[in-house]
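For reference, the structures are reproduced in the following blocks.
Shared chain: chain A. Partners: chain B in the first complex, chain C in the second.
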Partner chain A sequence: MSTIRLRSPAAFWLALPAGLWMLLAVVLPVLLIVWVSLWGGTTVSPNNPITFDNYQRFLSNENYLWLIGDTLLQTAMIMTITGVMGYCIAYFLTVKVTSPGWRLALFLAFVIPFWTSTLIRAIAFVPFLGVNGLLNQALMGIGLIERPIQAFLYSRLGISMAQVSLYTLLASGPVVYMLNSIPPALREAAMTLKAPPIIVFWRIVLPLTLPGIIIGQVLVFLNVLADFITVTTVGGNKLAFLGNLILLFYEGSQIRMTAVVSVLLMLLMLAGVAIALRIVDIRKVGS
Partner chain B sequence: MPEGPAIAQLDLELRHIRKRYGDFVAVNDVSLQVGKGQFVCLLGPSGCGKTTTLRCVAGLEEPDGGDILIGGKEVTGEPPWKRDIAMMFQDFALFPHMTVAKQVGFGLEMLKKPKAQIAARVAEVLKAFEIAHLAERRPSQLSGGQKQRVALARAMITEPRILLLDEPIGALDYSLRETVMLELKALQKRSGISFIWVTHDQNEAFSLGDHVVVMNHAKIEQQGAPDEVLSRPRTAFVAGFIQGNNVFEGKAAAARDGVLEIATVAGPFRVPLLDITAPAPGSVVTFSVRAERLIENPDAAVANRLTLNCVTVEYFGAFRRHVLEGPAGLIVKYDQFGALPQSIREGETVTLGWALDSGVLHRAPGV
Partner chain C sequence: MHWKTRSRLTSWLLGIVTIGFLLFQWAPMFTMFTLSFAGENGGTTFPMNGVSLHWYHKLWEADLFDDFKPPMLRSFLLALACSATTVVLSVCAAQAMRGRFRGNGLYFYLLLLGLMAPGILVGFGFAILTRLLGIEGAWNTTAYVVHVSWALPFGFLTMLAVFNRFDPRLEEAALTLGANRVTAFRRITWPIILPGIIGTALFGFSLSYDEYARTLFTAGSDGTLPLAVMATLDRQLTPELYAIGTVTTAMSLTVIALCVIGFWLRARALRGRPS
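Let's turn to the complex of A and B:
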C-alpha cells in the first residue's frame, strides 16, 4: 500500500521529472515523426501540406505488405521458440535445481552473457555461425557433417538462431519471477487433493505464471520487431524486416517513407501490447 | 521390513519412521498407531520433527526408513496423490486464481467425478461450512476465518480416511481460535475421519486430542490420552514443556516399599517409583509435582515439604500463581484456585509440601 495518495502534491512533484523527460524524449519526437509521415510536397519544410498519400503509396506496394507479413511471421516464430525455451529454462532453474549453489551458478551462466550489449552479442554470432565458424567446426569435429554448412550465416536460419539466443532471457526472466512467487505449499496442496504432477502444472503452476509468460512475450515481440542489428550483421544484406526498411529509407534520404514505416511499426507494437493487456492485467502482477 | 500383520482397523500406523536432512535428524524412530476416527495431536517445540512426521504421512517427504500404513495398506513409497489423505496447511495454501467453489470442487475434479455431481456436492459442502455466499470470491477477497473454512471444506470434500492439519489455526486471530477449535472437534466427531493435528500449543493439543504425542529432538517423548500425559509426564522434557509442572533434579538414594528417596538441593524428597525400576543409588533422577498439587503449611502426614520465599504473585483469573524461591536458586510455582482469598504475599516465607502420590518420577533420559 502506497502512502502517497493519488492527486496529492507529493505525487505530482514525484511524477514531474519523469513526466517531463517522457514528454521531451518520447512524446514530442513521436509526434514529430507522425507529422513528417503526413507531409505532402517534396521539400523539407514545416509548411508542407498534410496528406495520407505517403501511407497510401506504401500500403499499395505489394512487396512492402509482404515484408510486414514476413516481419510478423518471424516475430511470431521467435516468440514461440523463446517462449517454450524460456519457460523450460525458468522452470528448471527455479523448480528442478534445488541446490542453492548450483542454482546460482546456472543462473549466472544464463544471465552474464546478457550483460554485454545486443550489438556485440549479435556480431559475435558471425564467427560462431560462419563457414569456418565454431558451430561448423564442432559439427564436423563430431562427424555429423562432412562439409561446412553455409546456410548458418547470412541466412534466415542464422538470424533466427541468433535472435532466439538473444531474446530467450527476456522470455524467461518474468517467468522465473512468477515461479518464485508461487508458494511451494500450493503445489503440495494440489498433490494432496489427488492431482498428479502434470495436472498440478497444468492447473496450478501454468495459470499462476501466465502473467510472466505474457510479459516475456511482449518483451520479445517488441525487441524482435525493432531488431535491425541482428538482421544486418547475421543476415548480411540479403534480408530485411520492417526495422531494416526504416534504415534503408533513412539512408536513401526518403524522410517521409522513413516516418511512415516508423509509425506503422509503432502501431504494430501498440496493437501487440494492447492484446497482451487484454489477456493479463500487468498492473496486478506482483501485488 | 514389516513386522507382524497390518492391523486393518487402524487408520494410520507408523513403524520406526526415520528422516534426516544431511547431518540433521528430523525424525528419529517414530512409531504411532491411530485407531479409527481418532483425534491425534502431535505436540512439540518448533524443529522437533512433528511437521516432518506429518509430511511423511502425506507423502510430501519420503522417510529414509520405516513403514507407513494407511488403513492397513502399505503406502511408504506412494506419492501424495495416491494416498487416502487430505491436508490442511498452516497458511491454508488456497489457489489464488480459483474461486471458492472451483477450489472446493478441485479434489472431486481430480477424482474425475461428473460435473453435475461435483456442482451439487460443492453447493452442499459450501452450505454445510456456511460459506455458500462466498462461492464466487477469490482467496484475496476472504478474511482469515473465511480462508480457514474454505481450506477445510476443500480438504474434507473428498472424505479422506485421514485429515492432516499443520498448525491449522495458527494463522487465525486469537479470538477466533477457540470457536474454530470447538467447530473442528465437533466436525471430527461427526465425520469419523481421523485428524492428525500438528501444533506447538499445548492448550490445543490437550483440549482437542484423544491421543497426544509429545515430540522433542526428532523423537516421541511420550504419547497417551491427554489426562494421562498431563498427570503423569514420563520425562523431564514433557514435565517441563507442559505448563504448571515443578521439575526437580536430584540424586537417587535408597528405594524402599516402592518409594524412592531423592536428595536435592532443597533437601530429601520421597517419590513413588510406580512402574519404574529403582535407579542405581547416586544416579541423577528428575521428578515433577504439579503446581496446584502443593499444599500450604502441610501437617505431619504430608511426606514432602520445603521452605520457600515468595517472589511474585500473578493473577490469571482462574488461578493465582505464586513464584517462590528456595535454596540454591530453586524456583517453585504454586497455583491456587483464583476464587480463594490470597494467602501468600510477596516477600513472605512459607512452607509448602505435597503428598507422596503427587510426585511423578521420570524415566532417565534415553531409556
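Let's turn to the complex of A and C:
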C-alpha cells in the first residue's frame, strides 16, 4: 500500500504529461530529422520523392569522411584520457581519502564547476591558454620553458585540454557510485586470503566497477562526439568536427545536408551505446 | 568506506593526479575572474594594467547592441519556468513509476532518451518541427518546451532515486490510520521527498540557464544570455565577457550555496526534533 495504487489509472494519467512532453520535444523532432534527410528534388519541400541522394552526395566527398574519422579519433582520445584520470580521481576520493571532511571538500571542488555554464568554462580557457596566459606564465615561472608556447590556444591541443577539463567528471561520477557500492568485506576477504593489493584490484575492484567505467565512457563519448562549443571557442574556428559541420550547413540554410550529418551523428551514437550495452547490462546497475 | 591503505606510493600518485586535475579545472576560471577586474587599458590577457571595476561598469551601462541585461533577464525567467515545470513533471512521472503502470519499462527509456540525445540534434529537429507547423520560435515558447525536455530526465532520475530510498511503511501507517491518499502524500510523502525536489529544481534552473545548443535553434530573434555571450565572442573577445562570465558563475554558485544551506538547515531541524 502506498499513496499510489499499483496499476491504477491514476499512475497512467500521472505519467502522461512527462511522456507526451518527451515525445513532442525529443522523439518527434529526431524522427523529423531522419525524414528531412531523405527529401529529394531540387527544392526543399516535403512533397519531393524520398531518396538516398543526399547521403550519396555527402559520403562521396572524401573531406567529409576524413572529418568523421577525425571526430571519432578525437573522441577516442578524450575517452581514454578522461577514463584513466576519472578512475584515478574516483579511486582517490572514495578509497584513499579517509577523512570525511577532506573527502567532502575535494568532492565539492571536483563537482561544483559542473553546475556552472559549460560555455563560460570553455571561454575561460582562452585567457588561460593564450601566449600571455596563466599556463604559459606558470610554465615559464617554473623554468620548464623559456618562451611562451603559442600552440596551446586555437589548436587541437587546446581543444583537448578544455574537453578533458569539462568531461572528466562524467567519466568519474559513475565509477565513484560503483566504488561506493562494493562491500568492504569483499576486499578484506581477499586480503585475508593473502592476495597482494594489485591482484585484489585486478580481480575484485576493477570487475565490480566496470559498469561504472562503461557508463562514464558512454557519457563522454556522447558529449565529445556532439561537442561544437569547445571547438568554436577554444579552437577559434580553425578546426571542425561533426557538430561544427551540422552548424555550418544549418547556417548555410542547407537543411537536408544538416539532416544528413545529424542522422550520421545519431547512427554513430547508437552504435556506441549498442556496443556499451553488450558489455554491461545498465538495468542491473541501479539494483 | 574505510579501506586500510596498504600502498603509500599509489596514494601519493593518485593524490597528485587528483590535486593536479582540480588545479587544472579551476585555474581557467580563476584566470577569467582575475582578468574581469583588469584596468581600463587592460586587454583580454595579462598584464592587467591596473585593477578596476571598469568592465563591470561598462557591462551595466552597455549600449543597445551589447546590452546583456535583457538576455540575462530572459535567461533567468526561462530558467525559473523550466525549473518549476521540471519539478511538477518529474514528481508526477516518478510517482507514476511507483504505480508500475503498463509499459513503465518503455516509459523509463523514453525519458532517458532526453539525456542521451545531444542538444544540437534536439534543437535542430525541433526547429524543423516548428517550421513545418509554421510556428515562429521564441525564447518563452519553443525554447521553453525544449529546455524542459532537457532538464526533465535529470529531475526524473533524481526523484526515482529519492522514491527508491523511501520507506513505504510511513505511507502505509498514514493510510492505515485513515488518511486518504492525497492527505498522505501531502503530509507524509511530500516532506520526505522535499530535498529531492530542491535538487530537481536546481537541475531545472541551471540546465536551462546555461543551455546553448538547444536555445540556438529554437529561441528566435530575442536570445538568452548564452546566445548573447556567443554572439559577442564572435565579434570580439573583451574583458566585458569575462565580467559577464564572472557574474553568471557567481550566480550559479550562489544558487548552489543556497541549496546546500537549505539542506543543512533542514537536516539540523530534523535532528533537533524530539522523536
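The definition used in the following text is that the second predicted complex is superposed on the first by the 272 of 287 C-alpha atoms of A that agree within 3 Å, B and C clash if a C-alpha of one lies under 4 Å from a C-alpha of the other, contacts with A are read in each partner's own complex, and residues count from 1 in each chain.
Criterion: a residue touches a chain if its C-beta (ideal position, glycine included) is under 8 Å from a C-beta of that chain, and two chains touch if they have at least 3 such contacts.
Computed from a prediction, not measured in an experiment: that's the story for all the values here.
Chemist: With the two complexes overlaid on their shared chain, look at chain A and say whether chain B and chain C clash or fit.
Modeler: Fit.
Chemist: Looking at chain A, which partner touches more of its residues: chain C or chain B?
Modeler: With both complexes superposed on chain A, more residues of chain A are touched by C.
Chemist: Name the contact category of A:A185: first (chain B only), second (chain C only), both, or neither.
Modeler: first
Chemist: Could you tell me the angle at the CA centre of chain A between the CA centres of chain B and chain C, given to the nearest 10 degrees?
Modeler: That angle rounds to 80 degrees.
Chemist: Where does A:L193 make contact in the superposed view: on chain B (first), on chain C (second), on both, or on neither?
Modeler: A:L193: touches chain B, not chain C.
Chemist: Of the partners chain B and chain C, which touch A:L265 in the superposed model: first, second, both, neither?
Modeler: In the superposed model, A:L265 contacts chain C only, not chain B.
Chemist: Please work out whether A:P207 is in contact with chain B alone, chain C alone, both, or neither, and reply first, second, both or neither.
Modeler: The answer is first: A:P207 touches chain B but not chain C.
Chemist: Look at A:A76 in the shared chain and tell me whether it touches chain B only, chain C only, both, or neither; answer first, second, both or neither.
Modeler: Neither: A:A76 stays clear of chain B and chain C.
Chemist: Name the contact category of A:A105: first (chain B only), second (chain C only), both, or neither.
Modeler: Neither partner.
Chemist: For A:A151, using the defined touch cut-off, is the partner it touches chain B, chain C, both, or neither? Pick first, second, both or neither.
Modeler: The answer is neither, since A:A151 touches no partner chain.
Chemist: Please give the nearest C-alpha separation between chain B and chain C in the three-chain superposition, to the whole Å.
Modeler: Least C-alpha distance after superposition: 7 Å.
Chemist: Residues of chain A that sit at the chain B interface in one complex and at the chain C interface in the other, please.
Modeler: Correct list for chain A: none, the interfaces share no residue.
Chemist: Would you mind writing out the residues of chain B in touch with chain A in their complex?
Modeler: 58-60, 79-81, 83, 85-87, 89-91, 93-97, 106-107, 110-111, 154-155, 158, 164
Chemist: Over in the complex, which chain C residues touch chain A? Could you list them?
Modeler: That would be residues 1-3, 5-7, 10-11, 13-15, 17-18, 21-22, 24-32, 35, 44-47, 89-90, 92-93, 95-102, 104, 107, 110-111, 113-114, 116-122, 124-126, 128-129, 132, 145-146, 148-149, 152, 156, 164, 168, 171-172, 175-176, 181, 184-185, 188-189, 202, 206, 209-210, 212-213, 217, 226, 229-230, 233, 237, 241-242, 245, 248-249, 252-253, 255-256 of chain C.
Chemist: Taking the complex as given, what residues does chain A use to touch chain B?
Modeler: 183, 185-186, 188-196, 199, 203-204, 207-208
Chemist: Residue numbers of chain A touching chain C in their complex, please.
Modeler: The touching residues are 1-8, 10-12, 14-15, 17-19, 21-33, 36, 46, 85, 88-89, 91-96, 98, 106, 109-110, 112-113, 115-121, 123-135, 137, 161, 165, 168, 179-180, 182, 184, 187, 197, 222-223, 225-226, 228-229, 232-233, 243, 246-247, 250, 255, 258-259, 262, 265-266, 269, 273, 286.
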